[in-house]
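Per-chain residue numbering starts at 1, and chain names A, B, C and D are given in the order in which the chains are listed.
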């Protein structure tokens, strides 16, 4: 029924949609997204709405694939398009974290092990400085017992958001990772370097002995530099996925 | 002699042949198949026939390369084409497992170690949920002593099928892996994520300590989700190998 | 003010600029440079000047992007272009090391672990012979305490140059690596094989036991061969990044 | 002086030169050859001559780059082209091993560790069956003390050939690997799977415990199958490097 369709947060410029679609293609191109994975952003004009592609492989996403949802995960206009079931994962983080403007959720291979073992993920170098804040692990079993692992309801999304707390990254046991940031560019940068950092930490661990990772304060300082210079990466990566 | 040629299960639509040929090219493109490896499907109209390419590198397979065989490994019409000697591996699984509609056999690098050591393969994440059912190892020496490793006879194929039992995946010591599924898309999806899962488990093992893998029931539930959504991966992968 | 602009070391031939720009693109193409990383050379006609791209992803650098700086990190002519903040890293090495004609600074993934643990980097084979001289580690905390990790001042550059001493390579803890050489080609060759050597040493370490690395004298002899034959690599790599 | 030029073994068909040049490009394309590495074959009409490219990156080699040498490493006609200094490595193996018709020498990254540690290389699966014969390690220090590592003289080549003995593969400490075979196709196949096998063994070792590698007799049987079917790989690989 048309009456049940929630109001849109208003029109969004083509540039914004272009960048959000490019962000999905970038994360596929950089080996972070497989055929699933999703990248979203908060509506620039309405804090209670967010933008997310219809259910589609990220490498294929174009601006017209992007839908608008409420924080209850309801589409403002679906035009026959199906949303990802895991839109609740994004919705509940936007609800819990007013500072978050963009979210990437992936299943990139190198991060999975850190969701399965006791070794905490640490910041191996400046590009992954945001990890120095600590990376919590969400185990869906803790609250929901045996499940299909999918973050498929507001309750599951909220439980994940609670574990994420004020961090930029959380691991999902036997599932993947969620990365948040103050902009689409920041979230893309962090998603890429979460994966690279995982590979580096696996290798540093294999060498044995103490690892002189970035400490929390070094991480905070270095992350500020990254946020101020992420355009250089963005432009390079975007060029690769734009004809 | 024409009299010895077994009857065909009947014509198969071009779409079916297109998909089966694409499946081989996909598994080559995804790094699962080397110049060997083969992907087959049960004949959609005749449970005692299956479809398999002539002996050719999987990256090169087109619909016209696909032959039809009986469960005894006899070609219904060879038109001068040579079959893979390992067609018996497929034939005997189709004979033993009425639920299996498609089979992939590969030698992908990351799975080989799990066929050589005591560490069992476990399901590291939802994409590899089917592995939570357990992955048996077939050692051809157990029944046949010293061989050339090739599953080159009905007897060897049957011995492998017996080890596979009701599982979706079995490892072949010093040889490779066989992956089965209820459809070509499912078998392709599982073949890809068997390889990825092996890489992830190698890394999780390197980190040390307990690994909180999916348990059998989580695996069963998550696999159902994968089977219901494998079109998203299929379409992405197929697009990459189709001009 | 024009009066404050330092004098240029003089015009540089197009071939020199072409090669320096290609060197950046080569190191991106070879997986050594991410969207940051920088490649510089001493001015061929003035020992107190060096040439370095404006702040830009290395994969995109063309001859017109190259600027000239004094050893104090001041641009001789900026034409509205912004320099990398880490130009001081290069400047201070050129000041301290008259033999150095070219420098590459990267954050390539395999070298990072060796800046974080006690295991020294050693020369695994002839291509990495220059590593047999020993690879010191620069920890910016030692002199500067908690920082944002960036080598952003003459003082930090000089501290790094002091740790580098007379070696061809130094690691920067939680940051990356600096590689120097007697020519652009030599520095590119060494940057590539520092990364490859790191991967090889990680694997040799995983096998366990003693590693029969090159000793210092073998390294010195083999490095001379590399320097005499680096054109073969250069031409192959340059062809890949030149239309 | 023209008088000193040794006699040619006679003209070689264009197909033979095409295949030998393609073999170099294949090994570059498959990640086995870096900018060095060389692939040679015995002259099909004269057992005391062999064919080898001039000094050039393997990815760039075309039929016209191929030169003919005596087993003393003297060019039968150089037409101004420079040979690789390591032609003695090939020459002395052809002298010592009448059964060898083709040789590949590479520095591929995964094999290097096995030349540096005590762990012997073993055959992880049928594609690497030839390794089950055992892989000796040549350490140039044993006979020649401190050197530049290059196999740059008949004496060094002969010492390597002595260590190789009757095997298909030998490792060169801190240098690389030499792989021989009864044909160019066989040597290419073996060079590729020596590298893949090294990666697999590194991973199997990381899992820990006993490794159920192919034994010598399984290896002998499986290698015969590989030699009989190597055309399938060859055609796939050649197509990738031939316009």
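Throughout what follows, contacts are C-beta pairs under 8 Å (C-beta built on N, C-alpha and C of every residue); 3 or more make two chains touch, one makes a residue touch a chain.
Everything numeric in this text was worked out from a predicted model, so none of it was measured.
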Number of hops, chain B to chain C, where each hop joins two touching chains: 2
Set of chains adjacent to chain A and to chain D: B, C
Superposing rotation of chain B relative to chain D, computed on C-alpha atoms, to nearest 5°: 90
Same vs different contact residues, chain A with chain B, by half of numbers used: different
Farthest chain (mean CA position) relative to chain D: A
Separation of mean Cα positions, chain C and chain A [Å, integer]: 33
Chain A: positions in contact with at least two other chains: 206
Pairwise touch network: line, ring, star, complete, or other: ring
Pairs of chains satisfying the touch condition: A-B, A-C, B-D, C-D
Complex interface listing, chain D residues touching chain C: 34-36, 55-57, 59-60, 107, 109-110, 112-119, 139, 141, 146-150, 173-176, 202, 205-206
Sites on chain C touched by chain D in the complex: 123-127, 129, 196, 199-200, 203-204, 206-215, 217-218, 221-222, 224-225, 229, 232-233, 235-237, 239
